[in-house]
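Chain IDs A, B, C and D follow the sequence of writing; residue 1 opens each chain.
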Amino acid sequence: MNTLIILSALGVVALFAEIFRFRKGLFPLILIGLAAAFFFTAKEYNHPQVFFGMMNFDNYAVIFSCAILIIAFLWFMMAKNYFLQETSVTDHFALILFSLVGAVVMVSFNNLTMLFLGIEILSVSVYVLAASDKTNVMSNESGFKYFLMGSFATGFLLFGITLIYGVTGSFDLTTIQHNLSTGRETYMALAGVLLLMIGLGFKSSLAPFHFWAPDVYEGAPTTVTTYMATVVKTAAFAAFYRLFSLCFWQLAAHWTDVLSWMVVLTLFIGNVSAVRQRSVKRMLAYSSVAHAGYIAIAIVAMSVPSTCAILYYTFTYSISSLSAFTILFIVSRHKGSKDISAFEGMSKANPLLSFTMTVAMLSLAGIPPTAGFFAKYYVFYTAINHGFTWLVLVAVLAALVGIYYYFRVIIAIYFKPEQQLVPIKVGPLHRTVLIITTILTLLFGLFPNLVLGWL
Amino acid sequence: MPIIALLIFTFATALIGLFIPIRYGNRFAFISSLIVFIYSLYLFCTFPITADFQYVVDYSWIQSLGIHFKVGMDGISVLLVMLTTFLTPLIIFSVRKSEPRPRAFYSLLLFMEMALIGVFVSMDGFLFYIFWEIALIPIYFICLLWGGKDRVRITLKFFIYTLTGSLFMLVGLIYLYLHTPGEHSFDIQALYTAGKSLSAHAQCILFWFFFLAFGIKMPIFPLHTWQPDTYSDAPTQGTMMLSGIMLKMGIYGLIRWMIPMLPVGLSQNAQYVMWLSIAGVLYAGIIAFTRKDMKRLLAYSSISHVGLIAAGIFAFNGQGLQGGIIQMLSHGINVVGLFFVVDIIQSRTGTRDIASLGGIRLKAPYLATVFAIIMLGAVALPLTDGFPGEFLLISGVFKFENIMGAVVGLTIIIGAVYMFRMYQRTILGETSLATENFTDLTAGEKAVLIPIVIMVILIGVCPNLFLKVSEPAILKLLGGI
Amino acid sequence: MGDLKTIPMDWYLLLSTILFSIGVMGVLFRRNAIIIFMSIELMLNAVNLLLVAFSAYHNDANGQVFVFFTMAVAAAEIAVGLAILVVVYRNTKSTDIDVLNRLKG
Amino acid sequence: MLQYAALIPFFPLAGFIILGLLNKRLPKNLAAVIACGMLLISFGLALGMFMNISGQSQEVQLAPWINVGSFSASFTFLLDPLSSIFLMIITGVGFLIHVYSIGYMHDDEKHNIFFAYLNLFVFFMLVLVMASSYLLMFVGWEGVGLCSYLLIGFWFKNKAYNDAAKKAFIMNRIGDLGFLLGIILLFITFGSSDYHTIFTKANGFMSGDAMITTITLLLFVGAMGKSAQIPLYTWLPDAMAGPTPVSALIHAATMVTAGIYMVARSGILYALSPISMYVVALVGVVTAVFAATIALTQNDIKKVLAYSTVSQLGYMFLGLGVGAFSASVFHVMTHAFFKALLFLCAGSVIHGLAGEQDIRHMGGLRKKLPITFITFLIGTLAIAGIPPFAGFFSKDEILIHAYSSNKLFWALGMLGSMMTAFYMFRLLFLTFSGTYRGDSHKVHPHESPKVMTVPLIILAILSTIGGFVGVPESLGGTSQISKFLDPVFKPAQAKMMMVEGSGGVSEMMLMGITITVVLISIFAAWYMYVSRKSVPVSEGTKLPFFTKLSYHNFYVDEIYSALITKPLDKISELLKNIIENKVIDGVVNASGKVTEWVSGLMRFVQTGNVDFYLLAMVVGIALIIFLKLM
């Protein structure tokens, strides 16, 4: 709860900062605030609290909130410069902070109402952020598409909630779970579950509801894209899993097959489409779709290890893609192009960027000893453990395709350049972000317990 | 503990190597790898001739999954570690000063040494897999950064190809892990029991999963097409690493992991895999007849030799396995020597095209002699290192099935044909334009080749030195099935 | 309340489903962004109707509370949506959604 | 004395190492002295052993070699009469040839290396005959093959020589494969490759046992390769590319007889398998005749001798095949003497004519090279089988045994020795009688230096008296050599229950026939080449059919290359270009291409139109709901 309070307070402060000419100090304040939020959240570990049956800060919620806060912290360090150039920096910060509130709600809800609200708080602010680059048509387009399809999907989500409510007569997860177990009006219930699955599947960009993702990711400002690929995805999957593991696991027989087919489709589309992309940004967008597929495997094979699998995967994926996007941000700034050719031959002039990018790519491709490998390993393990070996084999083939496009970036980086290239200068903040993310990627890869230990 | 020391030391030197002044880079890398060699030599000499693992250390790594950092050496591992630590200094020493970005190059080589040692000492399936994959990264970059003109395509193909196998192995490992009794664990023994407990059908499927991984790495026909391109396009040191040591990972995997875990799988598929291996022996050997490029010729010869090793190991009897072990050592030594000779010739004449060479012996008798000796090792002349291995392997296969033995025996003819052809056309005869002012071996080159020649003779004359080390482990293996 | 119950639940269900579907159709087949927004509103309201019906059916106020939330959220969404549309209109001088296909492939 | 015998091989090895390492740094004379000295020491030891052996056999274990479980092989030497005789031949004749080489190779810049190789060869040859197990014999077996490769291609600038060397090595390898498989089978059958174990266990087998037959045939394949029997004989004539002393030592006296040694050594196994015996005899006799027919028309002095070697080896196998082991060994010995002699004489002729080898450009050398002529004549008489020269006794004994076991073999053998006499005297006459046909302005034929002629004389003496160690009873002799070898061959003889001889009288008669036949063909040769002074036509002129066939070695080389070598290269290219590149690699690359292609398609799905996305969504939803609920 402290988390929510602090974050909201920060948001409000940020809003007023504009009025009180308090820009300079805002950024440090936010960082401190996030740190504080992290601290207070962490304190609630192993002290589950329930608030009027609406929110339940169990360990699951705490861990995910912490993960989200860490990512957000790094994100702010990455995004600072970009927003400082914007006129309405404070608004943007405020929006992000509010969306963080939404994210935290999404991982801690204990009631469909809160789920709905959380999703909306998150989405609405991100709609705006996506379109925040007002003069850029691309940005507008992406914001508009995101909004349009998002609200459309909300409709289905809502319909699903309603049906569940209709069946069980309650929004409270525990009650729902209890009532469903007594097995009333399964058709309606099942319809509701499926609609919820579709709504959440949209948020976590599972095929065939992924179409918005590539366009929105590409169009939005890189920083915002980063935010979507990391925080939003984490929150979405956390919510997805929380809901389905708490309420609908006894209906699993009815929805796992649908979800598993969605996973197959996602893996296929995400990976295969990425192969031909010239723009690194769009490639990363597709890769994030693909990763959604891998994560969803853990939900399909819903069992004890799934929780860890999802936590580990989302967290490490966010970290790796954070560094990848940061580098993309820096490079595209410098070269004025997001095309893969912008990376060619930078290894000599920019060892740091090259190395961090390489690690990030290896991690996304899932090569040991990076975190990405263990994430995939754990998901596969969960799936095989639950008898979804065939799904794992599909995922393996998808992963091979993945190697292909991730390594194109690495190859470009280490491509022997014709002429001596000028080194790209990297700001201190970015440098720290990159170093931290890279270290974390390797550290978590070698000692997964640092993450797994908590759940 | 010694093993940890080895791993940490190599890793540390690999890191330090990146930052020390360039002009010391070579010396530093060489000396540190030499230290590793001396230490492992000490380990080898003091190695007790027993069946069970020595120097075992076992740290719990990921408790929740029963994954341990467990390493140890038995007779088989120690030999391969020796091979690695023996060849790495030579390979490092063989690097030409003209190499761009030398520090990175040396570090990658050292890093790879670490990974390879790791592969050979892991006693935990997960750890094994990690090292197995890690070994792929440095060699990938070595080939990508210092490779020939078509390197991008070839290295990527190589990487994805090998990774395909690895991922299937990973699935297999997880599957076995989930069938370990009681608290799941990746411990080698647990995996053995798990594998043996499986139904014949399951074992067969897993067998092919693992076969894919190891077969691609070795490589076994028809999974070999990445190999000639990679060998001929990689920088020579990369090729040496690949052919000399890395390919042994695959064979080692067969002996240490695949066969003991899936005895039934083997017994049901031995027929097919052995015929595959034998087909590879003849196929690659015959293709080698008409290769124009020395490196390619050696690449195919390597496929041919490995096919024989694989066949002997799949035969799974004393001769076959012991022959496989000794042949791993000798093949590693020979192939490294041969590739270095090719590198020397290329650096002198700027070509590897057999047709445009010749008469080198007139200009460089030392080179000619050394080349001849190593080549004789490769064609398995008695009293050179090739013979004990090939003889044991062939007899092992023969024991398994006479026809196979007879067919695979053809290798001693085929090998002689292409090797002697190459030798004659490059070394003998009149000098050509390319070789007109060919200079003989420099001191440095001698320093690399002499040890190899010594080993060629040593293994040939007293193979027992090595056979007796691995024997108890092999017997245990045979007993375990 | 009582007489509300005389109409069987299924009818409400059917009605709102039809309304919802109409909304969906509207979204699918109209090009003008404004109209699409309206259709989305229609979808949401169809759901609201069902919610109210259910809450009455279950004699449980939560449903109706939820409706308020929905309305608020819907309002917020539309506000944001219109804002974005305005920005888009500035740049493209059109509210036709087909104009927006620069991002693809 | 015997205990020192084990050292015999190591002196030449030491010589090789010294010469090999110091190579150029050593003055030529010193190098030569070292090389010959080493041989002399070995010879001394061999002699001592020969004196003291007296029928006993003793094993000397030096070191273990390969041990794998039950399977084990060690460096162990076996000293018994058979090996001692071969030791005598190898070290003795070897020594003489070394001495001869001092003169012959004097001006060659790779003089020292040459001696190093010779020593190495002797080492391996000694290992071969002293080995106490088949595996160790295989070591020597391949080792001598290697040395033969090195020495044939000694003048490595010349492509033809290199090809000849390679051909020799590979053809031997073909045989070696048979040998190797034979050894493996021996291991599997007897659990060891030591003669002792095998021969003792072999007694337990029935005659005609299938396994034994397989083994013996496989071993014989090895012998075919090494001893140049049909069909693996073609390398030997080409091997004459090497320096003449090499031809004398390796390709006449010692290495090529390894096959005979091996078969004789495994006599008991062969005795157990009549089929193998028959095959050996048949191959032997056919080779003997076939090679002789080729020798009839050759014009290269060394080629003639080469084919005659093949033919003589054929006789030895005939002897083995009909169970006359000691006779064959006897013939090995005498053959070593006179064939070495003949080759060295040929060498001295070539030396005298500055490298000329074509007999059409010789003639009338009797005056110019008197010693060479005399010794050559002796050698010729010996090989032709004129009593009392060495060849007569050994060859005759073989023929007699052949007669007693199979008349056809005897007849063929007879035909062979007839041709032998003819082509040898043809050679003799064309070379030494008549007038000099070469260009007497460029070339000044001269006798060779002492260092070369002395060995000739010694060998000549040996080829004259060498036969008396084996005078058969029928001639009032006491064939000591067969007695000497008895302890080795007795068990084999016992297994064979063969008819001993066929009555003194008929033996006399057979000898008579032989001699008369030989004399007739000698006369024919004299008539053609001395009285009618006919000279073989020069290259290019049309030859009668048979002559042409024989002159071109019945086109066997061409046939081989057409049937084996060329097709293999074709197949190789085919595999590479079709199977490898198109099929296997094609599939691999296709996987990548297909992915790219599909990826290209996927781009069209991502149209960028919202309404399409929405439609896709709705369709997806509809499908899900429909499939699950209906």
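Following the convention adopted for this analysis, contacts are C-beta pairs under 8 Å (C-beta built on N, C-alpha and C of every residue); 3 or more make two chains touch, one makes a residue touch a chain.
Quick caveat, the model's predicted, so the values are computed rather than measured.
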| item | value |
| --- | --- |
| Contact distance in steps, from subunit B to subunit C | 2 |
| If a chain touches subunit A and subunit B alike, it appears here | D |
| Closest chain to the centre of mass proxy, which here is the mean CA position | B |
| Between subunit C and subunit A, distance of the C-alpha-averaged centres to the nearest whole Å | 27 |
| Averaged-CA centre spacing for the pair subunit D and subunit B, given as whole angstrom | 38 |
| Whole-Å separation of chain centres (CA-atom averages), subunit C against subunit D | 99 |
| Rounded Å distance between subunit A and subunit D, as computed from the means of their C-alpha atoms | 79 |
| Sequence positions of subunit D contacting 2 or more other chains | 592, 603, 606, 608, 610, 614 |
| Touching two or more other chains - residue numbers and ranges from subunit A | 144-145, 148, 152, 214-215, 404 |
| Residues of subunit B touching at least two other chains | 160 |
| Full enumeration of touching chain pairs | A-B, A-C, A-D, B-D, C-D |
| Residues on subunit C engaged by subunit D in the complex (per definition of touch) | 24, 27-28, 31, 97-98, 100-105 |
| Of subunit B, residues touching subunit D in the complex | 157, 160-161, 222, 225-226, 283, 286-291, 318-319, 322-323, 359, 361-362, 376, 381-383, 388, 391-392, 394-395, 398-399, 405-406, 409-410, 412-413, 416-417, 420-421, 424, 428-430, 461-464, 467-468, 471, 475 |
| Of all residues in subunit B, those that touch subunit A in their complex | 61-65, 129-130, 133-134, 136-137, 141, 144-145, 152, 156, 159-160, 163-164, 167-168, 170-171, 174-175, 177-178 |
| List of subunit A residues in touch with subunit C within their complex | 113, 116-117, 120, 124, 127-128, 131, 134-135, 137-138, 140-145, 147-148, 151-152, 154-155, 158-159, 161-162, 165-166, 169-171, 188, 214-216, 218-219, 282 |
| Residue ranges of subunit C in contact with subunit A within the complex | 9, 13, 20, 23-24, 27, 33, 36, 40, 43-44, 46-47, 50-51, 54-55, 57-58, 60, 62-63, 65-66, 69-70, 73, 76-77, 80-81, 83-85, 87-88, 90-92, 97, 100, 102-105 |
